[in-house]
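Next, two complexes with chain A in common: one pairs it with chain B, the other with chain C.
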Partner chain A sequence: MSINFALTIVLALLVLAAAGWTVAAPDAFAAVVGFVIYGLLLALVWMSLRSVDIALTEAAIGSGVTGVLLLGAGARLRSAEEPAANERAGVALHVMAAVLCTSITAGLAVVVLILPEPAPTLAPSAAAHLAGTGLGNPVAAVLLAYRALDTLLESAVLPLALIGVWSLASDRFWGGRPGIRHRADREGVLVFLPQLLVPFGVLMGIHIVWVGADDPGGKFQGATILAAMWILTMMAGINDTPPISRRWLRGILVAGPLVFLAIGLIGFAVPGAFLAYPPGWGKPLILVIEAALTPSIAAALGLLPAGPPERAPKG
Partner chain B sequence: MNLVLDLFTVVAVSAGVFFFFAGTVGLLRFPDALTRLHALTKADNLGLGLVVIGLLPRAGGLPVALKLIGVWLLVLVSSATVSQLIGRAARRGKLQK
Partner chain C sequence: MSAATLFGLCGAALVGLGLYGLIIHPQPLRKILAFNLIGSGVFLLFGVVARRGAAAGMSGDPVPQALVITGIVVAFSATALAVALLLRLFHITGQATLSPEGSKNARQKRTDSQ
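So, the complex of A and B:
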């Protein structure tokens, strides 16, 4: 048994243990902590499969942003947790949930196991046409050239999710600032961290967007780091969440998907298909799309954890 | 020369793993939040630091070596901040025992 195989087995057992803990945890907070650990372990699994792009996304979005969102949701549900714990669901419901989840897992396992050997793959043709896209990273080529429609829809989902969260606001708070105002930390620890970290974090976020063309990275991962830096300054009380009625904010949120859609429509005119890039223009157009999408994604991810507006707009 | 570097890596990474182990034992065995934090800092600061120092000769280039040191420094900043915040919350009695 090689050492790599042993490490894989240990990693798989750790993932299973983290998943079990997430389901069995006594309260929502413990479950979210388990979920974040589960996400980070999954990132290690993707790393061991040499899928660095997916590992980065899993760590940043699957574990990081989703963890923060779930922590916020858990805090809001804390008052409801005690009564909910007393209402025990019936045995039949437990059994049905267990059967459903087990059959989904078993079905996935069967599908993976009956794949022909070697598994069907489009990787050679993706690599063969890489030069035509002007990109060096095949994952980026899939996201922004071969399957650009999927990415366009994904980028449109984020503003829609944010509109969904905002629409939970009560009428008098509409147009106000999301979330509570965090007071600046008098003893300074939480103010010191963003002062030190944010310049590096912004640099790293932009770097990861930029290298995404040729190396693992890209707009989603980079924008997540930028959003995390913004959230850090808001949590430390250095700046406040912007009122959701601000035009600049709404402009940034929709600019990315709109630019993407516009470039996609230009494709009808020149090469003759939606989201097709004119020959030789692939790389510059992709750069424009990434540059417009990054602030949109960062703004949406930064504002999602703050929740719906909770403070009435002034005047 | 290679043997010396390999030996250096083995010794430093093993020492780092020892501090991670000691920190984990402390986290599980110590009685309250402040002493547990004390144990955790051994893993974050010394353990990771020794692992990074041990990996430096194998980094295969200055940029990668600098990135490794950068990772250690970032972990130092975040763990120091989080320790301060948890310690303060513990002192004010906000944490459940």
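So, the complex of A and C:
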């Protein structure tokens, strides 16, 4: 057994241990911390599976932004932690759940072990048409050319989720600022960190969006880094969340999906199909879509963890 | 056994573990966490299919990889909405429980205090 494979086994065991802790932790806050660690370990698993694009997404969204969201919720729900005695699952339920889940895992494990050989793959067809898209990263080509419809719907899911979250606001807070105001401690390390990190983080986020055309990266990963930098300044109290009634904010949130949709509709006129790019125009149009989507995604990802408005609008 | 198969088995175990947590934990936040474990286990199974489909000079089949990226973003959106619903429930009833009796007690408590 090579060292590489031994390390792979260790990684798999660590992932399972972190997941086990997330399920078994005594309180919700400890479980959330376990989940964040689990997400980072999972990013390493994706690296090991040579899916660098997914590793970036998992580390940034699956672990990072989800972690901010869940840690905030865990802290707020501490007082409601203890379940009522009549709600606790009994021994019989534990046993039945264990039997059910073990059999599902066993079934999936059998499926994994008898996957067809040679494995079916769309990689050759993706490679064959890659030149026509003007992109070098096949994952980006799937996201923005071959399966652009998925990405269009996905970019619409973010503003829809945000509308759902905002609509949970109390009537008197509608139009106000989401979340609580974080107080800045001018001497504190939480203010120093964004002052140092944010300029580099913004640069890195834009870089990852830009290289995503040819190398691992892309708008979702880059936009998450931009959103993380924004969240950092809001958590440090340097910056406040914008009131949700602001037109510029709503404009940014919907601009990306609307530009994407408009370019998709132009496809009806020129090549004759929805989301089809005119020959030779693929790369420039994809750049326009990415440039429009990045601020929309960053704004939605930055505001989703802040939750619904909790402060009444001024005036 | 290849690394892909090993992580496939790992994904299968994660789905089972997440489902177990979803069933036995009464607290909604723990259910949301467990649901995310199931989701990432399914993504990992997709990743194994992608890795096995390595061909044409690519390290994996890009189609399932792109689907997982889409999936992670949608899973985050759904989690954010679920957490917002949970915090709203907590704000209104003072409790974070899915049991109808729990919320009835909370309503009772509120009318008592008024």
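Some observations on this one:
Simple rule for what comes next: the second predicted complex is superposed on the first by the 289 of 315 C-alpha atoms of A that agree within 3 Å, B and C clash if a C-alpha of one lies under 4 Å from a C-alpha of the other, contacts with A are read in each partner's own complex, and residues count from 1 in each chain.
Throughout what follows, contacts are C-beta pairs under 8 Å (C-beta built on N, C-alpha and C of every residue); 3 or more make two chains touch, one makes a residue touch a chain.
Remember, predicted model here, so these are calculated numbers, not experimental data.
Superimposing the complexes on chain A yields a three-chain arrangement in which chain B and chain C fit side by side. Between the Cα centres of chain B and chain C, as seen from that of chain A, there is an angle of 100°, stated in steps of 10. Looking at the shared chain after the overlay, A:Thr241 reaches neither chain B nor chain C. Put chain B and chain C next to each other and count what each touches on chain A; the higher total goes to C. Using the contact criterion defined above for the overlaid structures, shared-chain residue A:Glu58 touches chain C, although it does not reach chain B. In the superposed model, A:Thr133 makes contact with neither chain B nor chain C. When the two complexes are overlaid on their common chain A, residue A:Thr294 makes contact with neither chain B nor chain C. When both complexes are overlaid on chain A, the residue A:Leu196 reaches chain B alone and has no touch with chain C. Put simply, the nearest alpha carbons of chain B and chain C end up 22 Å apart when the two models share chain A. Chain A makes touch with chain B in their complex at residues 187, 189-190, 192-193, 196-197, 200.
Interface residues of chain A facing chain C in the complex, by the touch rule stated above, are 5, 8-9, 12, 15-16, 19-20, 22-23, 28, 31-32, 35, 38-39, 42, 45-46, 48-51, 53-54, 57-58, 61-62, 65-66, 69-70, 73-74, 76-77, 80-81, 83-84, 86-89, 93-94, 97-98, 100-102, 104-106, 108-109, 111-113, 115, 119-124, 126-128, 138-139, 141-143, 146-147, 150-151, 154, 157-158, 160-161, 164-165, 168, 218, 220, 301, 304-305, 307-308.
Those residues of chain C whose C-beta lies close enough to touch chain A in the complex are 3-21, 23-27, 29-30, 32-34, 36-37, 40, 43-45, 47-63, 65-70, 72-81, 83-88, 90, 94-97, 99, 101-102. If you check the complex, the residues on chain B that touch chain A are 74, 77-78, 81, 84-85, 88.
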